[in-house]
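Note that the chains take the letters A, B and C in the order they are written out, and that residue 1 is the start of every chain.
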Amino acid sequence: MTWYVACLSGDLRRKPVARMIDGTPLALFRDGAGVAVALLDRCPHRNVPLSYGTVEQGLLQCCYHGWRFDGAGACRAIPGLAAGAETDKRARRAEAFPTAEHDGFVWVQTDTSPANGAGPYRFPHVEAPGYTTVRKHVRFSAGLHACLENTLDVPHTAFLHGGLFRGNREPVEIEVVVRAIADGVEAEYLGEPRPEGLAARILAPEGGVLTHFDRFLLPSVAQVEYRLGENHLVNTAAFTPVSEFETDLHAAITFHLRMPHAPVRAAITPVVNRILHQDSVVLRRQSEAIQRFGGEQFASTELDVLGQHIRKLLRQAERGESPAPGETTEVRRVTMRV
Amino acid sequence: MTWYVACLSGDLRRKPVARMIDGTPLALFRDGAGVAVALLDRCPHRNVPLSYGTVEQGLLQCCYHGWRFDGAGACRAIPGLAAGAETDKRARRAEAFPTAEHDGFVWVQTDTSPANGAGPYRFPHVEAPGYTTVRKHVRFSAGLHACLENTLDVPHTAFLHGGLFRGNREPVEIEVVVRAIADGVEAEYLGEPRPEGLAARILAPEGGVLTHFDRFLLPSVAQVEYRLGENHLVNTAAFTPVSEFETDLHAAITFHLRMPHAPVRAAITPVVNRILHQDSVVLRRQSEAIQRFGGEQFASTELDVLGQHIRKLLRQAERGESPAPGETTEVRRVTMRV
Amino acid sequence: MTWYVACLSGDLRRKPVARMIDGTPLALFRDGAGVAVALLDRCPHRNVPLSYGTVEQGLLQCCYHGWRFDGAGACRAIPGLAAGAETDKRARRAEAFPTAEHDGFVWVQTDTSPANGAGPYRFPHVEAPGYTTVRKHVRFSAGLHACLENTLDVPHTAFLHGGLFRGNREPVEIEVVVRAIADGVEAEYLGEPRPEGLAARILAPEGGVLTHFDRFLLPSVAQVEYRLGENHLVNTAAFTPVSEFETDLHAAITFHLRMPHAPVRAAITPVVNRILHQDSVVLRRQSEAIQRFGGEQFASTELDVLGQHIRKLLRQAERGESPAPGETTEVRRVTMRV
């Protein structure tokens, strides 16, 4: 049971929404009770994608012959059938997928792996009092691992995003501790003085040393957390594999600060958009080369603190193996100039 | 000997016309006598498509070195050859295909199946006195069967083309009789009151019950015929397979009405264009899903009165089997709400 | 050791240049001494193409994490590494290719065939006193052989480029002598009166009979040479295979004339551009047909004086066989109307 985010709650209104999760095309819509539901995006009749249709009285209506389906995939109407004829037969049902919605995101479970009882991941602090959340959706032209590593990679920030977050002062050497954690791996950055960029200045107006964690959590969550005194900012990115070289990012940037939140939100949104655009461009270029050369050929250094751990965890999950036990274990320490 | 329409007569003038029939690229042109002819669209010399060339004195001249070919594919000129040198050798001939022209359409026979003596299909009533014909050419992004079924499908008309032909009043139940006929299959719709759309109002200004036949005729003709008293309208669509998901429609909409034909022609042309556009969009969407899922997976109802018969006849024809004998046989009866 | 032109010297300035040679993507740049160098266009770290980066102090800097490489491919900087950590390890090196620059062109050697001691081809007369050179770069959508044959083909000039060079007067019969030469094949055109086009008028204002050679030289040079008295014009086209249906042309049109060179240069540039455009269009059409039919199927005549010799020499070179010995041998004589 792997849950992935399909779309933002706010993107699913009156019209159906088409999404692809790991090669499975979906038509999402809200049923009569407003509950988000997901059907395979193919009308059982003549295979036209249901997402081109409309939502009528909580049913998804195909645009070709007007067949209507409920949230469980049952066929509820076939225009033209004689009065009293049965509409819902097994072959006329659209496949439905388990769906859940919370924290402003719609999650779908498309794979057929055995249930493990766990529901979708909960974005932390989104519902907590005193926190504000900015939500984003971006499509990256890159595979899941490349996106996860990019999100949790520190060295590229001073360079690719130079001036936006890091990169404005002489680098200093800090220590990074990598730990195995429940369902994932984390890196803690010890002793990094506050960077000079706008986002960091908002978090720590008077400077100081940040508490900074980067985390990967199965199946596909990348999380960056900063604290300084009462100030707290968590960027949680839930990635959704679309195809081999396409991945959707759905992120919640959640913060609790001493200063007023509205101007902070207004100030950081263009910075976030700029950073996402720069990452999007470089990830597309990376995919271009990987496809042109017929595969990856990476040379890593000790600065690539999480990439190989993420790859190992993704492969274990693919093989259906259980992740590491819940106890936190230190894996290694690295010196990094930031 | 399978004949398909290559182009409208009116589209073949001074310039050569490029067409693809079932994967075979053709260059069509008019020879010195104005006769439509068709050559394989590849110069035997350096393989540039001949259709990029020009017609000079009834010969098709390649745009690269100026070689010229007659309608039988013989090479008649090679600029640069010494005086007296032979131009026409076996390897220098362009393959020519049997071609015929009547009713305003140019037909070509590209396959190598054995001759059965039959020429191309004749569009009925086109040459009959008192009839007017509107001709159309549309390229659909869909396979042959999907296009044929779409043309002969009644239930989608009230829905996809809602208001243009059917769909403006409460549906009534009518009976449909399906019959095997010579070289095909037909459906007769019994007792349908005149629909409310413009086209139906023109056909039957005072209302009444239509005589309505839908027919499929091998290899690829879909025909819809309406009669009410003296008024008569036949839409004959001759489809040409281009590639797996591309099909050309060449249609003759032929009518004989009590009212003046010129304003009718002016009034129905935009309606026909709108209907063809709506079908074109939905067929492209259908192809998109079929390609994405790696094949069709259709669930049919009794309302899909002709689709499966058409598929069976197409498959028999592909295997070279003779179609059903010429006697008309009732196959089944269906109740449909229209 | 096969050398191909990668780019014009003038196109390689402050920014890196991306080129593909025979399927190998390259990032070209100038090192600290201004020397043109070529690296495999893939950062060893995370595989982003290096050509998207920048040149910093003679080093090529990747746009993602800022790794820097010298002209030999050694990794010289990895931002973030602790002070004193080694940057250059075997796995972190970018593959470098032998590069040379002269006559205004940058050459690269990408294959792994054994060295034969020969450097890249030298464009003749480019450095000679009294000569002027116009340099061109064009990407053709066609394979190497098709481009070579096109450049050295006489009959298409009167037709495809009609009026620009040949094709303005009644053709006359001349004799063509084909000879095997060192590393190639040449055709000498005997007794052609000066054509009427602008280029020919510049070369021979008072008319007369041209001395005219067409040459193919391994691995990929096509050369057309005209002389009349003191007037001399050589068009040398060095082709670079890019992919199966893409080929780069880098040409030096070099001339020595009795009239002032500046106005000649101004006058022939648009003519050259027009001829290259016409060839580009017809070659793309040819490729289109070859791909559509799954391969070439050519019928040649005695007018195709060099095409088959070029093909044979290219195939020998591919198999690593030595070309014909250096002595010039007459192969055949052809009569051609030009």
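Methods note: a residue touches a chain if its C-beta (ideal position, glycine included) is under 8 Å from a C-beta of that chain, and two chains touch if they have at least 3 such contacts.
Quantities reported herein were computed from a predicted structural model and do not represent experimental measurements.
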Subject >> For subunit A placed onto subunit C, the superposition rotation in degrees, Cα atoms, nearest 5 >> reply: 120
Subject >> Interface numbering overlap (same over half, different under half) for subunit A and subunit B >> reply: different
Original post:
CA centre of subunit A versus CA centre of subunit B: separation in Å?
Top reply: 49
**OP:** Spell out, as numbers or ranges, the residues of subunit A touching 2 or more other chains.
**Re:** none
Subject >> Residues of subunit A that touch subunit B when the two form their complex >> reply: 25, 41-42, 44-49, 52, 63-66, 78-83, 85, 89, 91-92
Subject >> Residues on subunit A engaged by subunit C in the complex (per definition of touch) >> reply: 146, 153-156, 158-160, 171, 173, 282, 285-286, 288-290, 292-293, 296-303, 335-338
